[in-house]
Amino acid sequence: MSTPDPMSGVIPPVCTPLSPDYEVDTSSLIRLVEHLLDGGVDGLFVLGSSSEAAFLSDRHRRTVLDTVIGHVAGQVPVLAGVIDMTAPRVVDHVATALDAGADAIVATAPFYTRTHPAEIAVHFRTIATRAGIPVYAYDLPVSVHTKLGADLLLELAAEGVLAGLKDSSGDDGGLRKVILGRRDRDLSRFAVLTGSELTVDSALWMGADGVVPGLGNVDPHGYVRLYKAARAGDWEAARREQERLFRLFDLVNAGGPRMGRGSSALGAFKAALHLRGIIAYPTMALPQIALDADEIAVVGKHLADAALI
Amino acid sequence: MSTPDPMSGVIPPVCTPLSPDYEVDTSSLIRLVEHLLDGGVDGLFVLGSSSEAAFLSDRHRRTVLDTVIGHVAGQVPVLAGVIDMTAPRVVDHVATALDAGADAIVATAPFYTRTHPAEIAVHFRTIATRAGIPVYAYDLPVSVHTKLGADLLLELAAEGVLAGLKDSSGDDGGLRKVILGRRDRDLSRFAVLTGSELTVDSALWMGADGVVPGLGNVDPHGYVRLYKAARAGDWEAARREQERLFRLFDLVNAGGPRMGRGSSALGAFKAALHLRGIIAYPTMALPQIALDADEIAVVGKHLADAALI
Amino acid sequence: MSTPDPMSGVIPPVCTPLSPDYEVDTSSLIRLVEHLLDGGVDGLFVLGSSSEAAFLSDRHRRTVLDTVIGHVAGQVPVLAGVIDMTAPRVVDHVATALDAGADAIVATAPFYTRTHPAEIAVHFRTIATRAGIPVYAYDLPVSVHTKLGADLLLELAAEGVLAGLKDSSGDDGGLRKVILGRRDRDLSRFAVLTGSELTVDSALWMGADGVVPGLGNVDPHGYVRLYKAARAGDWEAARREQERLFRLFDLVNAGGPRMGRGSSALGAFKAALHLRGIIAYPTMALPQIALDADEIAVVGKHLADAALI
Amino acid sequence: MSTPDPMSGVIPPVCTPLSPDYEVDTSSLIRLVEHLLDGGVDGLFVLGSSSEAAFLSDRHRRTVLDTVIGHVAGQVPVLAGVIDMTAPRVVDHVATALDAGADAIVATAPFYTRTHPAEIAVHFRTIATRAGIPVYAYDLPVSVHTKLGADLLLELAAEGVLAGLKDSSGDDGGLRKVILGRRDRDLSRFAVLTGSELTVDSALWMGADGVVPGLGNVDPHGYVRLYKAARAGDWEAARREQERLFRLFDLVNAGGPRMGRGSSALGAFKAALHLRGIIAYPTMALPQIALDADEIAVVGKHLADAALI
């Protein structure tokens, strides 16, 4: 299938369930996909940051692609992350994604290396030439240590290099610049998706097309309600749903200062999925620190407050 | 062969010559290895940042390993970089390096993901368990966005996880803390290598064992003279040589503000190797920006001033 | 007069007009105040970043306070910035502001020194003890290099130390955390003001009480229309006004890479006020770089497009 | 008196003793000055970061200037920090320093405001025009968030704007660039002083003229021995002394994670001076956190190990 023009709606970044021996738990992954489809999502994003892509070997990544794309079987588009340092490495992941049947790919700017806008442009052009399917830029300065500027994004959109943006920068002024810029430049097929799961109502209000919410793993139904309310023009309902999800999001702090913020957040998502009976184990990829029983109990408390268990 | 305890001397990070179609130019790579061995180096570090490892596919990386290790044939130890985001991905590179016959490996802290000292420790322990050969920590905050602390490094040294440090942080106070700490904790087999090619005399003066100089590709003889002078106690000669190399290093600025600092520096090294007749092409991996004729002429001027062409 | 509980509406950070010899141009300042009051603003914030407070001597600061407070004569509240490194220096500015008759003060976290949340709390407590009038926290990480956390802000609000927040962090998720937190903790008198002038509609949508827009110097009537539309529940009109102001804001890029972003933005505001006939000179405080004629023409073009000249 | 050309030797940044009610404890300050002069220092630097200048009101700053300059009475040069955000505020501190009789001033780049090299140049030129006495640039990126580049410094030196550099950036490659650049450009009167108190031997080895060591408050005799050994060509003795001081420096970690690094380091210096009987109280300026009894005991342990109590 192909992705809509532009891609829109709720497209959760799918967590990657692991077995206790750190293999991809494909049964749990299929249950998670079912859970998300049951929630009414519009697409799935695999192998992104919330999928622990940085912690998955190429073999694990391939297993994820095959499992999800095989099970989804065209019900919704599957976007595949191709997270790696620079274009020559990314294009190998693109080849795998194409072989597995992904509908679109999602790539960051170069990282590890210091970079320059002229180099970022060559990077995306190189990737798009190889891909032949829609390419979404993934703006995630907390990981990539570069902010993608609106002018560069729109130039690459106009060239046909980029099909859209997943903006996880938290810079809503920058997001609006892209939204207004595509309107001015008549680039309506360029998708603008926010990854800021706590301000989805306002992003949609500004004109974004959809959202890629990590918390959508835990409560996809909530994000779909939020999105549908916004699309129906019932902004009050959208805000109430967003505020409810905002409070639920506090579970990401379950792991305290003894671990990184990534371990705490992804560990909490996985603990929640485990407590909800969707995945078999809350195992985190190494070298992340696992939540302990007390920390998992905090996650459970949040779920109970939200009537999710 | 195994690496000395501790590894010492001049161990250049070997540039990766490319052909115009972006394949590894193995003939040029062999000439470059010969050039470095002729310079009297004590080891070779392949697949580090100066090797454009971030820009090399797994296939290219394997070619580099096979070419260099095959040609060196045990004359000096070959250290292999295994640059990737986290342990589960790094260990696949370790397996390749072991298969190719590397004498030691060099790994950074996790990157792309936000991390925590407890996670960095698990990361290195996981890698070392798999490696079975010496593991050197590569401290490069400009790329990894984490500074490895002296206490963590020495703890991992005491555990037998780390065989040494390649310090490219530019933090000479921190370097000294490691040097004094290993003395206090009787960890004399833990190697301390500096990657700060402009302050080698002072690093050796403080007690470092060796240097991994990117500029050593261009002028290995100079770094070997510097090292030998220091070891012989002729610190004045070492300083003079360092000051000469400092001035030569200015060639890294040949590319101006139209490109990233990495493109400029590595492009200048490759241009210099090309002008010196060692490699066939100054090709840079994509998406880096290539130096133009004027910029290459600036590099040539520096080489002429240094009587290297 | 006292500030409302909570402070709300449009409270522009008043630019500081200077004469060609770098003195405060009080005639122009009075005309600017008139221009803002004519726009229907709800308060004035003097001696903030947009006022070039960092570039004003204590004598200049006093002149600004006396001129504005004297002219406003209680028509609207005047909030006074007390920008300095730490509490012992800030309290001297507080004394001046009190003497001049300011209605409230606005203080950042400590800067220049590296700091810690426990120290930030002592800092604000020390200031509040001295002030005896409402104290607003000014969250401006781009200048202060610290982000004020929601938990700390709400704790200080509950203690009665802080009367409100001016959030110029650009972190709308964090802004929402404060807004929801004050609701949960029944701190409705704690004002939440955004300094992000490009997302005012969404900040108000989330529950913010008002805005402190630098661009409000140039077009106060626009921001007042935006605010009133939002308060009247006409969010579509608010968004249209915000989008218009967003486009106008592009004038801040008039100064190119030859100067800092601050010089460019504040220089453009002053050029616009000069072109609109409100201030006599577009002079910038030293060591900022002044816009040249071509750059000022770019500002004029933006004003013409917006029918402001 | 005037400062030598170039300024050289050991020039400690003088701590500011405070009474329990946060006034400058002038008796203690005089004893501290005596202690430093007894150590054989070559100059004194007051109102720098180690003096808690960021925490001192203008009145307190003046008291420090008058006390120290009055007591020193020309025995050694007194350099006065004029720490403030930008030139228009700095020049007021310059006027005070001139009035008090300072021999030279020390100024940072602009901070709080985002800045640009062209603006930094105007900043220093503006200050120098007013000063009429030697101006030293203070490179302290951890506070100022800007790194002063070698080219800019040498250009300002050539113009006669700057008399020297106090480099607290920790970037020894950059320090060397300044040292070699002044040699090439025949700027031998431009002083290069390092503020990196843990690598003084190597800075002197590279060609620096002196050191401004915070730890020199605690052990001035040690730094003077280090300096004299280096000047006498006995580098081994210099290194031994530096290594001893390095270990002593560990006292700065006495305050744990419950406070900022500044509170911990300056609190430890003051605790040490108090334990050594030089200052009457270890009081820290607000809002810094004071060391508690256990933490002070850690400082005492370090002093005992170093035979300083």
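As written, the chains take the letters A, B, C and D, and residue 1 is the first residue of each chain.
The rule is simple: a contact is a pair of C-beta atoms (placed from the backbone, for glycine too) under 8 Å apart; a residue touches a chain by one contact, two chains touch by 3 or more.
In UniProt terms the chains read A, B, C, D = Dihydrodipicolinate synthase family protein.
Note that the structure is a prediction, hence the values are computed from the model and not measured.
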Chain separated most widely from chain D, comparing mean CA positions: A
Intercentroid distance (Cα basis), chain C paired with chain B, Å: 49
Distance from the mean Cα position of chain D to that of chain B, given in whole angstrom: 35
In chain D, residues with contacts to at least two other chains: none
Complete list of chain pairs which touch one another: A-B, A-C, B-D, C-D
Chain A contact footprint on chain B (complex, rising order): 22, 49, 54-58, 60, 83, 85-89, 91-92, 110-116, 118-123, 126, 142-145, 258-263, 285-289
Sites on chain A touched by chain C in the complex: 170-173, 176-177, 180, 196, 198-199, 201-202, 205-206, 235, 239, 243, 246-247
